[in-house]
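Structures given as structure tokens follow.
Below are two complexes that have subunit A in common, paired first with subunit B and then with subunit C.
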Partner chain A sequence: MNFLTAMTKVGIPRALLYYQYYPMWRTFFEELGVETVLSTPTTKAMVNSGCSRMVAETCLPVKVFCGHALSLVDKCDYMFIPAIRSMGKRAYNCSKFLGLPDMMKAVIPECPLILDMDIDVTNGKRTLYQNIYSLGRHFTWNPAKVKKAAEKAWECHLAYYQQMFSQGLTPTQAIDEIFSEKGVGVDQETANSSLTLTVAVVGHPYLIYDDYINHRLIHRLQTMGARVLTPEMVDEEVLDVAMTKLVGNPRWTYEVDVIGAGGYYLEVKVDGVIGVIAFGCGPDSVMMDMVYRKAKRLKAIPFMCLTLDEHTADAGLVTRLEAFLDMVKRRRREQTCV
Partner chain B sequence: MRVGIPHAGNIYIPFRTLFRELGTELVVPPPNNQRALDLGVKYAPEGVCIPFKLTLGNLIEACELGADTVLQAGGFGICRLSYYAKTQKEILHDLGYDAEMLTFDVSQNKLRGILQLIKHVSDNAPWSKVIPAFRFGLAKVAAVDDIEKIVHKMRAVELEKGTANRIYREAITAIDEVADHGTLKRVVKDYSEKLYQISRNPDADSLKVGIVGEIFVVLDPFSNLDLEVELGKLGVEVKRAIFFSRWTKFSLFLNPLGVDEWKKVHEAAMPYLKRDVGGDGWESVGEKVFHAHQYDGIVHVAPFTCMPEVVAQNIMPSTKEDIPVLTLLCDEQTAKPGMLTRLEAFVDMLNFRRKRIGNLKPGVIK
Partner chain C sequence: MKTYLGIDVGSLTTKLALLDQDNRLLTAVYLRTQGKPVAMIQEGLEQIRDQMPYGADICGVATTGSARYLAGVVTDADLVKNEITSQAFGAIHYVPDAQTVIEIGGQDSKIIIIRDGVVIDFGMNTVCAAGTGSFLDHQASRLNINIEDFGQQALQSKTPVRIAGRCTVFAESDMIHKQQMGHKTDDILYGLCQALVRNFINNVALGKEILPPVVFQGGVAFNAGIVKAFEESLSTQVIVPPHHEVLGAIGVALVAREEIEASGNMTKFRGFSISQANYHTSSFECKACPNVCEIAQLSLDGKVLARWGGRCDLWERASTG
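Then we have the complex of A and B:
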């Protein structure tokens, strides 16, 4: 068993929940003496290969996930695709997250063994610990080692979120920082001091931070002279309050990122809010509508909803962004004149 | 209190009965029609599924007819259903209808929740009135479904196409009007006999096609474009497991006692889909596997962008148990000619397949 674990590789696709949990997962596996292989940032080839395998109606992020998984097929011995059902009381994840391991098994028959761990907080701590142990069991017989790895992973996860919040980093920057793949200096603030507009971008992390599928949205906004705010830059409790105010108790795990952040940014002083959703995404279709309605009622801050799919072209997106920012700028000028 | 309800197949019949027994005014919007759909499409979020749009259209029409309270299904779950009431309430409010939105929970404390809701809308009628009324409503659900099961068989073999459907419609009206248990039983018996007496094609050997998918589009003929009738015209016997009566029987009474009506289906799905993905996705995969040797083919109906059914749709082609599956997605863009062409081609293919591998016997098909 030992010589096996020495060279075991676990593949982690750089998509969907990667942006929230990658540091935790990687720490866990490394503590168990397993190497993790991460797919490269999204490329056109990945999107195409993902689209060719999945049913056409599937939403873009899942197709992209499939592309990432496909790119890892030859590079690892196991693929880590957890089925995360619930991360909080009475709030569940979308069906596609739950069916993710089974879907990948179905559409990628050549896939290495999928580690499909069930995570359901509503089932109680005991079940969760058992599931973590049975995940670790693939690599070690020693429960103490698994426990230690899990604790380390949790610490790393907390540190990751702390870093994003306190230093205003995006998940991608924070991950780079933690594993110091590149030495990113936090020069964002100084670089941004000359920027005049503040635009909030709300939506799922896997849409906002995947530069390929959103056509470098954040970068584009920054070069157009806007300071960009994202959901991670606000304390989760503040977002929770904003969300509860708008819709009451959440039904889905990531409502905070969309409704919470949307509701929060519509009330604080920003110049515009951009909602990013994926075409065919079930929860987004109703959640973004809630934010849209709030924006319509408040009539205070311009709101735009961008729907992304695999056909979205650069030019169309740029035109819309430019028009939106022009409108925001003009509006601001008028307000200062009055 | 004037209560408006959305449509879903024949669900208005038990509701009408229940409210008549309790003396509360019920506003049943016009049966699902293009106008309701147009209204729904106009005011609903763009990417939402067809059940949302249709029920929204119904509720708007109910409000136009003067409903001051509207009912909608709700509850905690993975699927968008849990968001219907919240969003529709906002939309109705924005349209200027100040109707109170009441939800009946379909996922937790089902029986108690529904009974309490009935008590609430009937201005606190005594339990001695609520419970018999509720029981009579359930009896009607069962009666409608009993007739429907016979119709499924007869549509495929009738000599003069359309006869079974005509009797079915008469039966529905009759059941709707019945006022007591005794007459209900007699009506069901009469119409069953009438249906069985339809002259049949003596050498009809109808194909058996299972219908699986999302409960609303399976049960609502308007949104699935009369799928069952069209299959009947092509000489196909429709088999389905989804019925309102089955749902009420199990999720209201037997599931809390630990009886799971889908147990075998879930077990069949296990090798391909290990967990419940919300809605009816797990059951769709399971039914394909479970009935692979019993049916000639399966028609899988789902609303466009339905999350659980997309999971099922991705998994279904990979199962070892082989049976032709036709997936039909329903939304406001679906047109009948397109669907008919696909159905005809599918049924032709099933006929060829049957000829090729001999008559269907369990275990014959590999």
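Then we have the complex of A and C:
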């Protein structure tokens, strides 16, 4: 390893949990004097290369993750692929997240050393801290330095979520705000002022913010005249309450993105709710159904579920979106007449 | 006389409908698309012009169907509308109290739930073709039966056989198996109708509240066997409205009228001369980024009218600006 001539580089695939934790991860590594390399936004080549390596049974987001990892293989010295097992009591992540580092090791033999890390908060703080130290130990022997980096990373994570929630930014916009000087918040506001409808899009961030796999869903809705709200724009505690109301305690990590946000937006005054799930995703198919049932019970707000996979053509998606917005507009007109 | 023209360019058939100011159907054209949407639009317009009553003046044109954007550019339509809204308008026009609309076309099938004249929910088939017109078309040709005779022959069935309708591939092997066991063709045909209906109810209509009156439209509604299978499965009467095969075109003409009257604009329609114009479609691969999108373009006398098919707006902007 040529530590002296160039900085060590850690690759971070722009997929799956990137949208939730990238600012935290990047800050952690940079505090330890390590450069991070991010893959580009998803391209057709990535999807193809990912699909050709993964078994057919995995979902599209995991295949896309593999494509991102492959694109980073010769650009970094390490690849950071943590296994996030649980973020709360009795709620576990999908098995594909648990086995993500091992899956990548198996299908990408040429991959640089994978920085694997178990995160399971139910094992207690001590184990979590130990895991963070062992991750940091790849780059420094000084525990104080790791501690400081972890604290900085956590602060950055909180600031990131605060920014999305208070300014109504999407993760992509918030990440731009944090790591570059590009101001995006302002023109977003002026662009939104002419929009007459409000539509909430609920689902996991890796589906609703990956413009390649969702065929620019948010952009399309905006050009059709809808202001788009997403789960990240609501305070997490509010979403937790909405989730508990609908299903009680969560069984899945990140259940709140789907059930919490779906349950919340169906009760506030939005004009429509669109759920986005990946074809073949077990947890999502159950979770989105709970939201659909609630929508049917309430009968107040139109709901539509979009299923994405690698064969999704944009023609079908556009037809559904246009029909959905037509329905929303006509229903609203009807309600104001009565 | 003020008239409004609706054009529905589907995957298998192209439909045109001309309505007068009282929303009455003056004339309709039903053609096979044959993979040549532009030529068929031109052909359809020519037929409409020949059948049009004297003194009719076209005040609005709208397009729908899977080739609605293409058709919109070719005719310079006032409005491009999705199939769901168009079909719902068409259904409500003939059955004002309709609560459920089933529409089965060549490549897709939909269910539209209407309450008090407003669409409140809808479902479309996903990529799967089981449960669409092309499924029946394919199986009919396998059994050497004219698709036009399919329905009447299926009605002759006394003891329909059960065919797995989950997937066209499985349905086909199941069908061959039943044939080799010596089952009658009539029974197999009605079994196919039941399989399609079962597939529709379990996939497209999953979780939807199907209340009467149920309206069944689209090309497949010609098939009496499917109508009977739907009635048996839903245990209610299924209404097949007049002109059910061109209802999408009628519906979009109604939407066009509503929009034109609300805005007070003049129509942008290019006129019937376009049926003689020299349109040319072509495609190329964009090399601007690693996505390598296939861009389709439509040109008139060598001048590019529109481009689409990209994942970004690069070419769409280049053609309009």
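One rule holds in what follows: the second predicted complex is superposed on the first by the 329 of 338 C-alpha atoms of A that agree within 3 Å, B and C clash if a C-alpha of one lies under 4 Å from a C-alpha of the other, contacts with A are read in each partner's own complex, and residues count from 1 in each chain.
The rule is simple: a residue touches a chain if its C-beta (ideal position, glycine included) is under 8 Å from a C-beta of that chain, and two chains touch if they have at least 3 such contacts.
Note that the structure is a prediction, hence the values are computed from the model and not measured.
K.L.:
Based on the superposed arrangement around subunit A, label subunit B with subunit C as either clash or fit.
P.N.:
The answer is fit.
K.L.:
Output check: A:D326 vs subunit B and subunit C. Expected answer is one of first, second, both, neither. What do you get?
P.N.:
second
K.L.:
Counting only touches as set out at the top, which of subunit B and subunit C does A:I178 meet: first, second, both, neither?
P.N.:
So A:I178 meets neither subunit B nor subunit C here.
K.L.:
Would you sort A:D116 into first (subunit B), second (subunit C), both or neither based on which partner it touches?
P.N.:
So A:D116 only meets subunit B here.
K.L.:
When the shared chain A is used to line up the two structures, what angle, as a multiple of 10 degrees, is there at the CA centre of subunit A toward subunit B and subunit C?
P.N.:
80
K.L.:
Who does A:G282 touch here: subunit B (first), subunit C (second), both, or neither?
P.N.:
first
K.L.:
I'd like to know which partner A:A106 touches here: subunit B for first, subunit C for second, both or neither.
P.N.:
Once the two structures are laid over each other on A, A:A106 reaches subunit B alone.
K.L.:
For A:R251 in the superposed arrangement: first (subunit B), second (subunit C), both or neither?
P.N.:
first
K.L.:
In the superposed arrangement, does subunit B or subunit C reach more residues of subunit A?
P.N.:
Per-residue touch count on subunit A favours B.
K.L.:
Quick check for you: in the superposed arrangement, does A:C51 touch first (subunit B), second (subunit C), both or neither?
P.N.:
So A:C51 meets neither subunit B nor subunit C here.
K.L.:
Considering only C-alpha atoms, give the closest distance between subunit B and subunit C in the superposition, rounded to the nearest Å.
P.N.:
5
K.L.:
Using the superposition on A, tell me which residues of subunit A are in contact with subunit B and, in the other complex, with subunit C.
P.N.:
In subunit A, residues 292, 307 are touched by subunit B and also by subunit C.
K.L.:
Touching subunit B in the complex: which residues of subunit A?
P.N.:
Those in contact with subunit B are residues 54-55, 57-59, 83, 85, 90, 92-96, 98-99, 101-103, 105-107, 109, 116, 118, 247-248, 251, 277, 279-290, 292-293, 307.
K.L.:
Please output the residues of subunit B touching subunit A within their complex, sorted ascending.
P.N.:
Residue list for subunit B touching subunit A: 45-49, 52, 76-80, 82-83, 86-87, 90, 94, 272-279, 281, 304-308, 310-311, 313-315, 317-318, 329.
K.L.:
Which residues of subunit A touch subunit C in their complex?
P.N.:
43-45, 212, 215-216, 292, 296, 299, 302, 304, 307, 311-313, 315-316, 318-320, 322-323, 326-327, 330-331, 334
K.L.:
For a test of understanding, state which residues of subunit C touch subunit A in their complex under the given definition.
P.N.:
Interface residues on the subunit C side: 66, 81-85, 108, 116-122, 124, 126-127, 207, 209, 289-292, 311-312.
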